[in-house]
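Quick heads-up: structures coming right below.
After this come two complexes, each holding chain A, first together with chain B and then together with chain C.
So, the complex of A and B:
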């Protein structure tokens, strides 16, 4: 549905009408409500320090969420990203410890991520195996592989490179965390690609109706293949940020991360059915959940309540969205 | 779909009735596994080890029986692992305060069935995708169990009947295996020989057609969710009996093992296709692998790697076999 509306929106009725017709507005209202509620109840919630802190914390899910949303839009799923976070930290930390070079470490991590993306993408797009099964499998394989290699012990970052540490606590102009800057830049770049580049529109077309996309001459398999590679590479970037934050390669890193990202992405209006949603929506979904958990912590609620409330909100939001969609379609 | 059309036609040879479709591949994998492991380690075929494997299978098979029904109706439940832990804690707490096994069982079943009902209502009434809805429930249960109890609920009742639930034997067969066999048979008969079972397949294959022919498809899906929940209730009580405590951390990743076994058994995530016999084989393959890794003295972390490879490989072989059949 929204594929049609976003595509035909290129005819540009008016900027304002286009904005209001979109789901992102509802999400923005939600975000503002969350911000208003907590700014009234939690001291210093709206302080620049807290806002930028939350942004830094959200950068992991934002970065990986881009890939998650793109794979969803292409009509597939990728739940291997949590294990990938733990996996790529190994080459990253080990290479950095050996060579004292951030560049080589990041290169090694990205290479690993690329290989995993190629495997996921090949098995899904070319071998034709259901992507939930493929990524469930690679999720097991990677997590088990990390446990095997590390013997369930963390590998500390002995190189302690300034540039690597800056990834976790460095701030641009002393305000915005570098990790958030990375996430925002990636978000802008991929957002532009999804809305305005032919390849982005191909992804929407493939997810919206695979058969039509094939008849229109798109290489459906290639599009999906590349989507998985994008997802793995972005999760790799998130993994690098996480490794910098904890200062080591943790075998338990990213446990349940895939569920958080999937939940935020769906909350942001990206449909599991494919072809529907936007990266802006995904980003708003991530921010809503992140500010919510930050605010609840500010209220002094134990982390367990955050889980409970987050779960409820995800269900409520998707139910609300579904009801709205049904009404719009006339029942 | 193909289950519906193939089932009556496949009576050519006795094995074919059971081993139709992907089960053939899986049966082959299972046989190769058993032979290879027993050559490398003869103690694999000892009575004690076989009973150990069966006991390991019981928990997964109980929940997988419900999950197979649910996946056949084209829905899925990711909250079973979190629910398993919660049920164990609640069951143990009720046992401690009432000293009555029936009341403890009832509480466990009521809670787990309630979770299933909640999932089912959210999916069928509010039309939330079941993957998302049950991720939401999973989070709520994971948080909720810690609000309920910070540490393990210890066994203060020492009821013999409760200990038997996990550790007891009838003859040479462990009680959990008997319970699993009972649940499996009931589920098998329901799916294969009753109208209700055929409707479950039909809902998964083509929900619209089912609705148009006058059946209430929501009710059928709700039924599958509640059954899955009740299965979790039984499994949760057995687990807490085995561990002699209700552990809030139990069941991490359990949902993935169960779903892996069901998928491995050839049940399609798209719904309408699959069988409980395949699920049984899937559970056996996964647990034989687990056991083999221990018996051969390999690193136990391989218990995560190998199933991952097996799931992908089995699905791929299934696809190749289907293509060959079409030609």
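So, the complex of A and C:
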């Protein structure tokens, strides 16, 4: 957790009291409650093995969630990430099978992700089309493209490079899955950017009030454009880890993934309206939902119930948040 | 040769022969309107230049061109003799033109300190933001100006007046050659205004050219060196302030004389009580307030900042919850915190903050006007558009609302005309009591007299008008009776005849 909380360093660290009023603390308390509840009811829940496993499972959503949260904070949405997960596996696996090079495969995947980010970003920021529509469109196009290309058959990873397989089952010091390490490093880096780099603050300003940001001399369109590129590239990283995990490119990969990420991001207090929330909040949101799902499975509750409970939690969390904000604004 | 207000003395001497900013032959058209036609405007370094004119005279357009918000269609701009091409706010800021806009332009979720450095964060090693410098510099800046604002506060949680101070401070945080202030005093107390004037004079002493836009003549006479007047998008006059009197300035602005700013056409108010408030208290502010307003009467409420005028306005129309007391409109009890019944009984609020609480800027004029009375135009649950348009057109004609059509988005109308659209909305609903909160905030002289005439007319038509104001002339010119508030309590009610400025101020101080 220590790396994650580095990312939470706030714009005004002097005020301890303000920190306590913040979302992240409430989320942390929720997470601890979830952990306490399941540690009492599910055997081996708190074991190092289970904890690190969950962290590994959460790493996809954590990685893609960074991009999702950043796009939200800029005042837009990106729901094309699930389809992107499946799509970038194609160049990744095909190039690796042809060249036996992880580097080239990853390079090809990132290039593809970049192109999608440029398309999403250009259509939203420069052509002025609503981002929900744009990314809904690219979501369908990419999913359809993958179905057409694969003929609904998985393309297996024939190269079986050790370095690629390590992404799926390798562990740092034999404890923390590499995928989780990647997610945590990215979280720390982007968390730092959002709080301590001028560009990160520009994203908050653009999402907070576009017109004010423009008057302050910001290139609003460029900021949004770059946010979509960040989002696509991070989803690409998540897609590479997923491909390593399933050992193939599959047309169903990442189905509904975007909604899991959106759910966790919203639960983490990142507002769809823009300008509000943090990557720490998003990460806590992901972890709460992941541990909840792991624990409920441990209790033997069917997946259907997990969906129902997740839905209720998200609505309750956002309603609670709204009530708090209303009180803070004295209305 | 620019000067950073945080570090005065760093700027080199300024060659005062070359204008800081020179605009020549500026032209700007919008669809169907010529906003600016061949306007010249020259700013000398170290001089305070007032820019005046009625609504729609072109002041805002000119400022926005300087700020890079709008591009110009014709003309040239020179900064210290060098021709510049300003296409965006970024270009303008880079040239050292800092504009304090009338509408608050701050990110509400950010701290005050961060907002002050929004246009350029100080960065330390490796380009990361130096938060410590932001905190200390913003505190130092407020200290220097003498404004009392907490740099660590969340900006959105501050009252408008403090946000205005943040805006002003922000313009001074970076190197500036030209500082433009658009109605900077509209929500400041007299004390804060005098602090601002000290700051402005210091800016001028540092060699910065200051543009001061205001509708308040006394302010302009106090602070300005030079006055430029625009009218209908044209340059009318530029003169040293010493050559102007109140009359000549107004004459330049409106092209005619206003003999009487407060034309009274209505008769004597009747005796019928339209609104009765008894022992009203709220959790936050109001304490045991009782009064009556009669049909046909203008009841003026005066109070200094924080006296509770706005809170009272919101409570009596049922907008805010109350802790005790009763509100009776036209003989019917109004349950607290119930605007629905309020509207039904015929009490309406005209807010101080038109944008966020009253009008929907994106929607056309006719929808804004008819909003509260859609039921009257409905047939089988559908709005009869023809009937609706006809009714709205009637008000547009009656109040001479300047709009190209009923379908114009309200945000494109001037402040005075937006005000009239709001008034139309409530009149259409069949209002008995109208509460107006600072009706002339940010509205210029010519339009003010129209608003005054309108208020006079509303009372003349038998409405009880409850007017909250912090403008003494407005109060004395319009009200039949004057109520004074201090710290949430009513401290005096007097008739217009008995009222003097001294009496009112004494009651307001408590």
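Just so we're on the same page, the second predicted complex is superposed on the first by the 315 of 331 C-alpha atoms of A that agree within 3 Å, B and C clash if a C-alpha of one lies under 4 Å from a C-alpha of the other, contacts with A are read in each partner's own complex, and residues count from 1 in each chain.
Everything that follows uses one rule, which is that a residue touches a chain if its C-beta (ideal position, glycine included) is under 8 Å from a C-beta of that chain, and two chains touch if they have at least 3 such contacts.
Everything numeric in this text was worked out from a predicted model, so none of it was measured.
**Student:** First (chain B), second (chain C), both or neither: which does A:322 touch?
**Tutor:** first
**Student:** Figure out whether A:308 sits in contact with chain B (first) or chain C (second), or with both, or with neither.
**Tutor:** Only chain B; A:308 stays clear of chain C.
**Student:** Scan A:233 for contacts with chain B and chain C and give back first, second, both or neither.
**Tutor:** Once the two structures are laid over each other on A, A:233 reaches no partner at all.
**Student:** In the three-chain superposition, say which chain, chain B or chain C, touches more residues of chain A.
**Tutor:** Ranking chain B and chain C by residues of chain A touched puts B first.
**Student:** Which partner does A:219 reach: the first (chain B), the second (chain C), both, or neither?
**Tutor:** second
**Student:** First (chain B), second (chain C), both or neither: which does A:133 touch?
**Tutor:** first
**Student:** Just to be sure I read the superposition right, which of the two partners does A:27 touch: chain B = first, chain C = second, or both, or neither?
**Tutor:** Once the two structures are laid over each other on A, A:27 reaches no partner at all.
**Student:** Following superposition on chain A, which residues of chain A contact chain B and also contact chain C?
**Tutor:** Of chain A, no residue contacts chain B in one complex and chain C in the other.
**Student:** In the complex of these two chains, what residues of chain B are touching chain A?
**Tutor:** For chain B paired with chain A, touching residues are 78, 122, 126-129, 131-133, 135-140, 142-144, 146-147, 256, 259-260, 263, 269-270, 299, 301-309, 311-312, 315-316, 319.
**Student:** How about chain A: which of its residues touch chain B in the complex?
**Tutor:** 123, 127-130, 132-134, 136-141, 143-145, 147-148, 152, 259, 262-263, 266, 272, 302-308, 310-312, 314-315, 318-319, 322-323, 326
**Student:** Touching residues of chain A toward chain C in the complex: what are they?
**Tutor:** So the residues of chain A in touch with chain C come to 11-15, 18, 192, 196-198, 201, 204-205, 208-209, 211-219, 275-276, 328-330.
**Student:** Which bits of chain C are touching chain A when the two form their complex?
**Tutor:** Residues 67, 69, 88-90, 92-94, 99, 101, 105-111, 113-114, 118-121, 123, 127-129, 131, 135, 152, 156-157, 284 of chain C touch chain A in their complex.
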